[in-house]
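What follows are several structures.
Two complexes, one shared chain (subunit A), two partners (subunit B, subunit C).
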Partner chain A sequence: MQKFYTLVRMTFLSKFAYMKAFWFNIAGTATSIFIYYFLWKYVFRSQESLDGFTMAEITTYVIAARMLSSQFGGGINTELSLWIYEGTISVELLRPVSLFFTLFAKRTGEFFFFILFKGIPITVLCTWILKGALPYGGAEFLLFVVSVCISIGIMFFMEFMVGICAFYTHGYWGLAFTKSALLSILSGGIVPLFLFPEGLASVLGYMPFAGMVSVPVQIYLGKYDATETLVYISIQIIWVIILYLAAKLFYIHMLKKVVVQGG
Partner chain B sequence: MSRIADQNTNQDSNQIQVRHLVKEYKRKKNKGNVRKALAGMFRPDYEVLRAVDNISFTIGRGEAVGYVGPNGSGKSTTIKMLCGILTPTEGGILVNGIVPQQERMKNNKKIGVVFGNRSLLWWDVPVIESYRLFQRLYEIPPNRFKENLDRFTEIMGIGPLLGIPERQLSLGQKMRCNIAAAFLHNPEIVYLDEPTIGLDSESKASIRECIRRMNEEEKTTFIVTSHDFQDIETLCRRIILINHGRVVVDDDMQKVKLDFNREKRIQFEVDSNPWYHKGMPSMEGVRITDEKPHSITLEYDVEKVSSIHIMQQVSKLCEIKDVAISGRDIEAIIRDIIRKDNHSI
Partner chain C sequence: MRRLWYYARLWKGYMRIGLLILVQYPADTVIWLVSMILREASGFLGVVTIANVAGGLGNWNLYEICLLFGLCAVVEAIGQAFFDCVWEISGSVRKGTMDVILVRPAAPFIQLLGRRFHYPALLSIIIYGAVIVWALAHLRIAPGVGMLLFLIEFIVCATVINSGIYTIFNSFNFWIVQGEDMAVLVQTCREFAKYPLAVFPVLIRSFFTFIIPFGFVGFYPAAFLAGKAGTEVVLTLPLCAGAVGLAAAFIWKKGLGSYDSTGT
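Up next, the complex of A and B:
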């Protein structure tokens, strides 16, 4: 646990080294929130509500969804791909802890850094300026936090597998870009999932992607009743387990390849 | 069972055991033309490259071994297999009684590795933070960590660098910090793959000093690969020379020098070179390698002709102002051995 904490701390320190870049990152996310806000404002000129969403709720949806999906641009997949691409992975394999462990700690560090320095301040500020809806209630807010925390697992294992794909593609930029675009759209980060064609929307609702944006935000807004919340959180947990197993298999396969082919 | 017990008792003299080690790489064949290259996209042709070809050796605790050979001779491949991050195609490795590939984490805790072209530190954070992380990851007790940190900060002269992120350090500074990092957890074995590549003489000297001290004081085992023969000469008592993946020489450094150093070189500074532009009368076993109006350089075979004899011959014809005799250095010897080995294939 102490090892984990120290690795998380390292990630924080590394992040602090790029504070200037981080301000631009924040500015970028804030800009995208404003753009989506004005788009939706146009939609709501002619109607009071959309599928049961008021303008205030949609505003909150935009803020939270843009915020959460802004993580898709980062993540450990680029780093892992680069390690594979440049062969640094051999150094990482010489550490006294497993690659899996190091990267998970790093991802956790990135996540908390994101929440602390970007997620909370921007959400509070934008909700206040754009007059978004507040969380539906205390319980909903707590469950939202739980759901977001579970989503680290989903994101980490997906990123891990995307990162390993560098073995086959011998590149990393295209992978990272495709991942970011696909996750943004499939998770409801760009358009709420309920606006998708009905069949597609219900399928996507059960996919792991929804667990990263759509599910937590819907919980936050109180759009799910108690049973639905429970079901969706359970689905998230099931996906974490499935993705963990898949990532582990990928990892074993990759290790074999590294140690046989020499990276 | 008896074999395992045997191995344990012999662990000091057989800390690293390598038996008939083979590593083959599959490599896609290069195509001569575009059409073949296109066909190769779907059905690639592979060629098998034997990087390490039946290597065996044993290294005892506290030995310092120079692992040398030309580029592409299989040095780094062997080091990687010893570290456990590459699996041999055939043959076996036993380090401290374990197979490093099978128990990588256990092995990692007991070894230190320095790659001249890779860093072990975190790029963006002050060096000391990387060290603190190592303390946690290797579970180094605080007292020992402080002791080691002070010691290596002093030896490597990196005190002023500890607060600086690695990305702002020069190559030499980076390397010195990396070497110190490899020793913090008191490793039993340290592998150094080209540790002084691209460094100035001062950095090289401090790195050599550090390794020499650790070898003497802590009985740390060292395996060093380098193309800088001064590294090998100052650090290693034993030399393993490989060429085309096979061991060509595995012997004591001094012995190699004596065995192969039949050729010596003598250089005279003279008042006027009697043979300048005229050519020298032939003398058995002597070769003229350089002549200028006031100096003559000769190479000769010590078994055929003595230094005194040459000096006598030269002094008959001119006045000798100064004389210098040198044996060839290990680098020249190795070059010769490799050349002969390449011929014999």
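Up next, the complex of A and C:
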């Protein structure tokens, strides 16, 4: 636990050191919130509600969804791919703590930094300025927090697997771009999943991607009743377990294949 | 004349290097192909879905929005294919590898661009080119010599504007550390230009017309093709491209002048 705490703290502090760069990142997320806000506002000029969503609720959806999916741009996959690309993975593999452990601690640190300096302030500010809806109730808000926390698990194992793909591709930018574009489409980060064709929407609802954006935001807005909420959170947990096993298998397979470039 | 011949040969060499990188890492090339298409497609999906729900945005129908998106995406893809290395300025300044470029006899900017061509982007040029043709066909805009000439003018000017703006903001790296974050922010702001600017408040619209003229990369030309804007677009496009091109050249030169190596 002590080791974990230290690693989390280290990541947090190193992120903190690049605070100036982070301002631009925050501005970027705010920009994308504004784009979708204006587009939706235009849609709502001619109608009162859309699939049971009011303008205030859609605004909140946009804010929360853009915020949560802005995490897709970061993550540990780039770092992992870079280690593989540059060959420093050999040093990381020699360390006494496992690669999983180090990377998960890093991811946790990154997440805390994201929540503290971007998630909370920008969400509050945008909700206030753009007049978004508040959480449906106290219980919904708590369950939202739980759901977001579980989603780090999903995100981490996916990032891990994407990162490892660098063993096959020997590159890292292409992988990172593909990941962030694909995840933001499939998770409902760009448009709410219910706007997709019905069959596709229900399939995507049960996929792990929805657990990163769509599920937490829908819970926040009180769109799910108690049983649905429980079902979706359980699905999230099941996906974390499945993805963990997949990542583990992939990792073991990778270790047999490891080729370190140069020296 | 001999100088020109020299650059043609140099360019051929750079293209060969790009090709070699392409075949050296085949798996990475495939991922690049996928990523380039997906990056534009994700925004495309968003606007098409929203426009579908609302039955168009403002007085823009779905096909006109597709046309706008296609124009924007083609220009971006050309930038990715041939001008992507302006994004490497920050790394080169920080690591001091700009030295290599400065001691060689060819023009530094050409050398910078030649570092890597992203051929995978050619596929997205073809795909989004097809989107443009498809949208034009649905809009019943008759193809003619005039339109073809305008499309050529558009591609040249918009590429200069688009890549020129990236060059300007990436050149700030010569003076400030980690300036690429600012360039990334500018690139994010470019998202606005992919949608009909008429939907946004006047402040945003004028910002993308006069300050950072991304409006000319998609919105105004698309409006002209769809018959929503007059011939003033045909005239202002080259003017805007000239202004951005000159500004980019000036800032790049100034930046290069104030570059001092890392000393290693």
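By definition in this document, the second predicted complex is superposed on the first by the 258 of 263 C-alpha atoms of A that agree within 3 Å, B and C clash if a C-alpha of one lies under 4 Å from a C-alpha of the other, contacts with A are read in each partner's own complex, and residues count from 1 in each chain.
Heads up, the rule we're going with is that a contact is a pair of C-beta atoms (placed from the backbone, for glycine too) under 8 Å apart; a residue touches a chain by one contact, two chains touch by 3 or more.
Fair warning: this is a prediction, and the values are worked out from it, not measured in the lab.
Novice: With the two complexes superposed on chain A, say which partner A:18 touches: subunit B (first), subunit C (second), both, or neither.
Specialist: Both partners, subunit B and subunit C.
Novice: In the overlay, answer first, second, both or neither for which of subunit B and subunit C A:88 touches.
Specialist: A:88: touches subunit B, not subunit C.
Novice: Which one hits more subunit A residues, subunit B or subunit C?
Specialist: C
Novice: Contacts for A:177 in the overlay, against subunit B (first) and subunit C (second): which applies, first, second, both or neither?
Specialist: second
Novice: Using the superposition on chain A described above, determine whether A:7 touches subunit B (first), subunit C (second), both, or neither.
Specialist: first
Novice: Considering only the touch criterion stated at the top, classify A:40 as touching first (subunit B), second (subunit C), both, or neither.
Specialist: A:40 contacts subunit C only, not subunit B.
Novice: Quick one: is A:72 in contact with subunit B, with subunit C, with both, or with neither? Answer first, second, both or neither.
Specialist: neither
Novice: For A:53, is the partner it touches subunit B (first), subunit C (second), both, or none of the two (neither)?
Specialist: In the superposition, A:53 touches no partner, neither subunit B nor subunit C.
Novice: Is A:96 contacted by the first partner subunit B, the second partner subunit C, both or neither?
Specialist: The first partner, subunit B, only.
Novice: Both subunit B and subunit C touch subunit A; at which residues?
Specialist: Touching subunit B and subunit C on subunit A: residues 18.
Novice: Enumerate the contact residues on subunit B facing subunit A in the complex.
Specialist: The touching residues are 25-26, 77, 80, 83, 85-87, 101, 104-105, 108-109, 111, 113, 115, 118-120, 122-126, 129-130, 132-133, 136-138, 165.
Novice: Looking at the complex, which residues from subunit C come into contact with subunit A?
Specialist: Subunit C reaches subunit A through residues 25, 27-28, 30-32, 34-36, 38-39, 41-43, 45-47, 49-50, 53-54, 57-58, 178, 181-182, 184-185, 188-189, 191-192, 195, 199-201, 204.
Novice: Subunit C touches which residues of subunit A in the complex?
Specialist: That would be residues 18, 20-21, 24-25, 27-28, 31-32, 35-36, 38-40, 42-43, 46-47, 50, 165, 168-171, 173-175, 177-178, 181-182, 184-185, 190-191, 195-196 of subunit A.
Novice: Spell out the part of subunit A that touches subunit B in their complex, as residue ranges.
Specialist: Residue list for subunit A touching subunit B: 2-3, 6-7, 10, 13-14, 17-18, 87-88, 90-91, 93-98, 258-262.
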